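Multiple structures follow.
Shared chain: subunit A. Partners: subunit B in the first complex, subunit C in the second.
Here is the complex of A and B:
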């Protein structure tokens, strides 16, 4: 109870003194959905540098990564973002999965521990977000516990959400399925890796900001 | 509700100072929390024996849990009871993201009927 009151007070306090225009934008989703790829794409487009490293091996991002003062401009309007890339949320972590990618047992166990720590950190950070982009891999079934739980919790916390269906460049991509799974959300399809459809993404991002 | 030392399996009764000062037998400060109803149910149903980790695994699990919870002071007792995180074995975790997102305190479930709670979260 004390924690809830403390978080509530912090939100109110932060709201009053929040630097005008700074939007804390979180990237959430399952491991390998493309959160860091999209954060990198935005940073490359507007700063010319990356935010974090990406890998085919799941749970590459195991700590919260932040890039401040990312200023986006559209139709003469400038918005300053603080991009917060979070570790992928999963319900099961098994070090043996990492060994399939060539990691030794000890390194794989360490990665598993850090991934678990990262998931707990991701969830703790939810309260600090002004808006969230939920990344969904459009090549796999979107009806996952992770996607449904994240979206449900964001709705309960009244945090504005943009659903991004990633990997539209791949043959197996099915953006209609993502839209069908979450009809109450705006869904924009992109390829963070190739930069496909980023114009529409930025347009939707600016619409999202209006809801903050 | 009693606790059990993770390292030597000694049962520590409710309200014992050993929880704060360390296990009277081995000095360990890492305890399972045993829920009455579950212990009772297990006795009644004669469920399969509780899977035990070997000594190396226990040490690894303790290291992992302390690290995940950022409890760096090894003198600080940690009681595991977080069904939101189940430790299946070293490097194997199952997370109940619904509980975690509902801001329930972090509880590690180490094996059936044995739990570890992050007291800092309470």
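Here is the complex of A and C:
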């Protein structure tokens, strides 16, 4: 409760003194939901460069990655973002899972250790976001507790959220299921990899910014 | 120079014989603060028990539980984290009056009409959830 009050006070204080237009936009979700792919897509669209590396192996992003001064423009309005790509949040880490991707035991153990530290960092950063995009892999069951926990914590902190159902280019994608799981949120379907439906995404992003 | 031997806590290797399901009534945690609740839950998880909790944790408690279990991975041998899923007791067809009544009850006595299942990841291989059920797939070791 104290944390929530402190965060509320910090947000009011920051709101008064922060540089107009600078918005800390966080990317949250389970591992391999496509957080870095979307952050890269935005950076490519507006800066012409990537933010981080992507991989099929889970927990590729194990540290917070930041790209500052990303300026997006729409209908003559410019907004400056600080993009904060966070490591995927999970409730379990088994180093043997990484060995299935060809890593040696020691490297897998090291990756697992880094992944746990990454998850802790992601959680700590929750308090510092102005707005958050929660990425959900639309090809798998959206009712994961990680998604529910992230959304619950953002709601408790009064941080505006846009739910993005990623991987709509894949056959197994079911955006209706994502919308059904989170009826109280705006959900936009995209393919971060192919850049599908990014126009609608940017439109929703600008709507999200108005809530900050 | 004598090499210092690192001492790590171990959790018992799970076997079929060890599988214990612990039903926890809401009254067991209602008087505890967030730290006390997490301590209680983690204590049972480290004994390889699957907990069926009456009610649900607050979002902040859930995130602290994840944080706590991440800290233990690598420090307690055999511990791989947790699996967690919650089912709400909410009924979409309830009347406005019923909704208000339930919300007042939630504020006064906590959210008791929900169930939360929490298990150690070394025992629960996978937990799948949809709005009406939670399924546990146990690890065979």
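In this text, the second predicted complex is superposed on the first by the 196 of 212 C-alpha atoms of A that agree within 3 Å, B and C clash if a C-alpha of one lies under 4 Å from a C-alpha of the other, contacts with A are read in each partner's own complex, and residues count from 1 in each chain.
Assume a contact is a pair of C-beta atoms (placed from the backbone, for glycine too) under 8 Å apart; a residue touches a chain by one contact, two chains touch by 3 or more.
Owing to the predicted nature of the structure, the values given are computational and were not obtained by experimental measurement.
Enquirer: Does the subunit A-based superposition show subunit B and subunit C clashing or fitting?
Expert: Result for subunit B and subunit C: clash.
Enquirer: Name the contact category of A:44: first (subunit B only), second (subunit C only), both, or neither.
Expert: So A:44 meets neither subunit B nor subunit C here.
Enquirer: May I ask you to decide whether A:116 touches subunit B, subunit C, both, or neither, giving the answer as first, second, both or neither?
Expert: both
Enquirer: So in the superposed three-chain picture, is A:53 touching just subunit B, just subunit C, both, or none of them (first/second/both/neither)?
Expert: So A:53 meets neither subunit B nor subunit C here.
Enquirer: Is A:108 in contact with subunit B, with subunit C, with both, or with neither (first, second, both, neither)?
Expert: first
Enquirer: Touch check for A:194: first (subunit B), second (subunit C), both, or neither?
Expert: After superposition on chain A, A:194 lies in contact with neither partner.
Enquirer: According to the stated criteria, A:89 is in contact with first (subunit B), second (subunit C), both, or neither; which is it?
Expert: both
Enquirer: I'd like to know which partner A:144 touches here: subunit B for first, subunit C for second, both or neither.
Expert: second
Enquirer: Based on the superposed arrangement, let me know which partner A:155 touches: subunit B (first), subunit C (second), both, or neither?
Expert: Second partner only.
Enquirer: Where on subunit A do the contacts from subunit B and from subunit C line up?
Expert: 3-4, 89-94, 109, 112-113, 116-117, 119-120, 123, 126, 145, 149, 153
Enquirer: Taking the complex as given, what residues does subunit A use to touch subunit C?
Expert: These residues of subunit A touch subunit C: 3-4, 89-94, 109, 112-113, 116-117, 119-120, 123, 126, 141, 143-145, 148-149, 152-153, 155-156, 181.
Enquirer: In the complex formed with subunit A, which residues of subunit B make contact?
Expert: For subunit B paired with subunit A, touching residues are 60, 64, 67-68, 85, 88, 90-98, 100-103, 106.
Enquirer: Give the list of subunit C residues in touch with subunit A in this complex.
Expert: Of all residues in subunit C, those touching subunit A are 58-60, 62-63, 66-67, 69-71, 73-74, 80-86, 121, 127-131.
Enquirer: Going by the contact rule at the top, pick out the subunit A residues touching subunit B in the complex.
Expert: Within the complex, subunit A contacts subunit B at residues 3-4, 89-96, 108-110, 112-113, 116-117, 119-120, 123, 126, 145-146, 149-150, 153.
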